[in-house]
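Two complexes follow with chain A in common, the first pairing it with chain B and the second with chain C.
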Partner chain A sequence: MWRFVINRFLLMIPTLLGVALIIFLLLRVIPGDVVEAKFMSGEGSGASAEVLAAERARLGLDKPVWEQFAIWMWGVVRLDFGISMWTGAPIGDEIALRFALSLQVALMATVIATLLALPLGVLAALKQDTWIDYAVRIFSIAGLAMPSFWLGILMILGFLIFFRWVPPMVYTPFWVDPWQNLVQLIWPALAVGYRYSAVATRMTRSSMLEVLREDYIRTARAKGLWLKLILVRHALKNAMLPVVTVIGLEFAFLLGGLVVTEQVFNLNGLGLLFVQAIARRDYTLTQALVLLVASAFIVVNFLMDIMYAWLDPRIRYR
Partner chain B sequence: MTTTTDIAIVEAEAPERRRGWLDVVLDFCRRRPLGAIGAAIVVLMILVALTAPMIAPYDPLAIDFAAMLAPPGADHWLGTDAYGRDVLSRIIYGSQTALIVGFGAAFVGSTAGAVLGVGSAYFGGRVDLIVQRFMDIFISFPLIILALAMVAILGNTLPNLIIAMTAPMVPRCALVIRSSALSVREMPYVDAARAAGFSHARIILRHMLPNVMAPYLIMLTSFLGQAILLEASLSFLGLGVQEPTAAWGLMLRGAAVEFAETAPWMALFPGLAISLAVFAFNLFGDSLRDALDPKLRTG
Partner chain C sequence: MNDRVSSGALLDVRDLRTEFTTGGGVVRAVDGVSWDVRAGETVALVGESGCGKSVSALSIMGLVARPAGRVAGGQILFKGRDLLELPEDDMRRIRGREIAMVFQEPMTSLNPVLTVGRQITEACEIHLGHTEAQARARAIEVLRLVGIPDAERRLRQYPHQFSGGMRQRLMIAIALSCSPDLILADEPTTALDVTIQAQILDLMKELSRSFGAATLIITHNLGVVARYADRVNVMYAGRIVERGTAREIYANPRHPYTLGLLRSVPRLDEPKRERLDPIQGQPPDLTRLPRGCAFAPRCAFAIERCRAEAPPLQSVGGSHLSACWVAQDLPQRSALSPQPSGDGEEIPSSRAQRGISR
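Entry: the complex of A and B
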């Protein structure tokens, strides 16, 4: 088991390194850099070439590309992501508050999705090919089909027309006013959570269907075990693994993938920061963000693999 | 109860004698009514896209300042937008964009994924390891950033958009196809082909690819809906199709949100079109997956 864990852990390193290298190179290939973005737009356009060169030198952009990469990587290893090229503030400060917001929305959406998906998925599997099953499937396929940002627009429109209520423009952190904070974030969480729950419902249903066909379920039934006990003890327990996997992967995806929904709800989360950072050619900030989102995904994947191997010894020896 | 009926269904799905395609279609409709409904909507959508110039009541690009933000009515069934363009006509023409991007991205993504997956399984060893690492990298890379970067580097054209959108599809498809191809590789006919001295390319393309058709088709159809959704999100962000082209995601952008209160039809109908299209593709894809391979789960 330990060998498997260590092997799997070591495999994360080349993946992260690859992500880092690709985003680093992509940013350098995109036309324009942070200095141009700063001086060429708005005031101060028409700065002389010397000023631009001095600014580039200050940010270390005049060094050879491989050296820039090495400097960045050396920082990353020591968990020092440097300062934002645009604002000059440490990356950690730039990201912290926004990350907290995105994390909270992702957590709330996960809770909503899980609470919806488990009962619906199990119900649909038990009543396969009845109207209940069809209703659940249509509900979940509709959830996959509706763009969450459109659902968000409809929600806001609904509040506006029926309650004359507009979501607040300013973000209230949880520790300042928990109630205000929850009222503000519940709607984006619902908009995203619906799609999320659809993914999880479908996985719960198909996983349950598969397990219900297994011999040990038939044995349990033949023994005359109480149906509820069979469901909880035997079926659900075995069907949960793939469900937990999709929930975990969707969660990791939500951390960085909320760009569009955030725009609709006027939230200042990681998604918006992403778009700003790349528009300003803020290399250090974009790199840190990509690395953050990718590591979330990679770590979740790693944990899932470990869990699988722990539960199913056959995987360890593959 | 459930278990016994399930077993009956599984048995009924065992391959039967060779049938004509009409029989297959009728059988599919009878056994999977939801899938048939999905397929019907897809066919309808393709017809609408093909006959757009004939059935659209207005030119989708025609600006009419006399009829700005007109509510749905006899002249404009679904109202007009902030430039007085007919929403219905733009939705009809938008189906062309959605289908081109959807089919384009899904086809390129799943085909590239299939070739990589089969190649990875066939060669095994170091090649497999390296390909898998690359797939890991692309799967964990945030999509929006990739799209932003691609558009900034390559320019904002439809083919570039399609390429950017295949980035998350290729690794997912490669993963699924690889696991099927691993068992195909052990088949005697692959050994025979190798013994006969055929080239690697020929064995992969002629002998292995056709035998992973089922998972390939399943991935392809599941990508169709996702691609349409993705295009809508990217266009909504201003990264996808550009004005004045008629595209559903684009129609939800800007004025549709600004004037949502006074002209809700601008936000309502394009969103409905997206949802209906993706809904139909998913419905069809699901049933196809159930029919082809009940064990494969694509989430």
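Entry: the complex of A and C
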């Protein structure tokens, strides 16, 4: 088991290195750079070539590409991501608060989705082709069909019209005022979590149906076990494997922020930052964000692998 | 005729009918079948795949896959109680406790994510109210009984750490754990290597004898029957076509289907034949059974009457029954072999017996 964990952990390093290299090169391939974006648009347009060259030199963009990469990588190893090429603020400061917010919304949405999906999926599988199954199906297909930002707009409108109330629009960190924080973030988490739960419900249902047809479930019934025990002990653990994948991937996706839903709820999360950073050709910030999201994906995948191993001894003992 | 000599039977199946509703119509997988098992004896249910033998066992356990399948009629009397009338929770108490089942596929019939110990102990905990320690002790005991060494360590392992033969031993251990009165073994050796098959069958025979448990063994292999069963029911297309002691069935088959089954099995105790004789044709479509005998289209001995009227199961000598219009005119088994073999000597006596009973 420990060898398995350590192996998995070491495999993360080359993956991250590959991601870093690709995003670094991609950014330099797309036309325009941060200096042009700064000076050539809006009022400042028409800055002289000398000014541009001086600014590039200041940001280190005049160095050979491989040297820029080496400087960046050396920083990353020391967990120093440099400063934003646009605002000049340290990258850590730019990202920290927004990441905390996106992480919290992602976690809350995951909890909501899991709490909805598991019971609904299992129920639908048990009551296959009855009205309960159909009701669950309609509920989850509606979730799939509605974009979460639109659901968010409906929620805010609903609050306004029926309760003459809107959720707080100013972010309060959890450690400052937990209640205020939850009252604000529960709504985006619900809007996102509903769609998320729809995917997981469908997966739970189909996976459960498949497992319930397995020979070992028949064996369990032949032993004279209660239905509840068969479900909890024999079926659920087997049925969870594909569900864990869906939930994990969706969670990792949410960590990258949600561009439109964040706007609807006036949240300053990673999604908006991402869009701005790319539009401004803010190399350092974009690189750091991509690396962060990639790490999140890899860490979530790593945790999923461990979860798999915990659920399925055939993986653990390989 | 005298279909029920079995007043004191442990399990008495009467006129059982189990149907499946499919896209192509209603399949009568088991179509009015009666047979019994007495305490402590081994009875075989023999036939090709799809003839209804497994469905018979699942009907007894109340595990026919719903909603497609259902028991449409008949009685299943176990210790005098009709299992079909029992509420689900009473039936649950009988499953695993009084009637246990060993399935065909040991590779898929054990739960891959639970330890072997967990899977053996749970039945005792539920049915016998064993504590964890008692159930564990019992699990170690049954593992030793089925010949799995190092039981304490093995209990903590998972099914994938066992070979196919070992897994079937585990299935038998699970079945034995609550000391049932009846074990239903559905093709217990089909998925195993030939070298392991005899081991498993010997083990089952020995254990059911020492436990005093009756066994219903479901198989398509008449070789298994000859060696392990006391009495044999041959099934074809959802019905019983022949019944008798293993000796009667083997030495003096009185149904063309049984004859065909016997001739399609290689035998080591007979002079080498040129080739095996498979039964010609395909098993019939159970949604569209012919009006007469279901076997008639494949039968070399069929007469006009066979196609018009289904033959009843009737005595061809004592408790030896056959559902065939020409049962008495069938050739002796040895006459079909190129050279008469040792078991030909029994035939005159059984013929004499028949003469008396007629």
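By definition in this document, the second predicted complex is superposed on the first by the 283 of 318 C-alpha atoms of A that agree within 3 Å, B and C clash if a C-alpha of one lies under 4 Å from a C-alpha of the other, contacts with A are read in each partner's own complex, and residues count from 1 in each chain.
By definition in this document, contacts are C-beta pairs under 8 Å (C-beta built on N, C-alpha and C of every residue); 3 or more make two chains touch, one makes a residue touch a chain.
Treat the numbers as computed from the prediction; the structure is a model and nothing was measured.
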In the superposed arrangement, which partner chain does A:I132 touch: chain B (first), chain C (second), both, or neither? neither
Going by the contact rule set out at the top, does A:R218 touch chain B (first), chain C (second), both, or neither? both
Please work out whether A:L26 is in contact with chain B alone, chain C alone, both, or neither, and reply first, second, both or neither. first
Who does A:H234 touch here: chain B (first), chain C (second), both, or neither? second
Looking at chain A, does chain B or chain C touch a larger number of its residues? B
Going by the contact rule set out at the top, does A:L103 touch chain B (first), chain C (second), both, or neither? neither
Touching A:P313, do we find chain B (first), chain C (second), both, or neither? second
With the touch criterion stated at the top, can you tell me which chain A residues are shared between the chain B interface and the chain C interface? 218, 221
Give every residue of chain A touching chain B within the complex, in rising order. 11, 14-15, 18-19, 22-23, 26-27, 29-31, 125-129, 134, 137-138, 141-142, 144-147, 149-150, 153-154, 156-157, 160-161, 199, 202-203, 206-207, 209-210, 212-213, 217-218, 221, 242, 246, 256-257, 259-260, 263-264, 271, 274-275, 278, 286, 289-290, 293-294, 297-298, 301
Applying the document's contact rule, which stretches of chain B touch chain A when the two form their complex? 2-3, 5-7, 10, 34, 133-134, 136-137, 139-146, 148-149, 152-153, 225, 229, 232-233, 236-237, 249, 252, 256-257, 260-261, 264, 267-268, 271, 274-279, 282-283, 286, 295, 297, 299
Chain C partner, complex, touching residues on chain A are 214-216, 218-226, 229, 233-234, 237-238, 311-314, 317
Quick check: in the complex, which residue numbers of chain C touch chain A? 61, 63, 92-97, 100-101, 103, 105, 108-114, 118, 122-123, 126-127, 158, 160-161, 171, 174
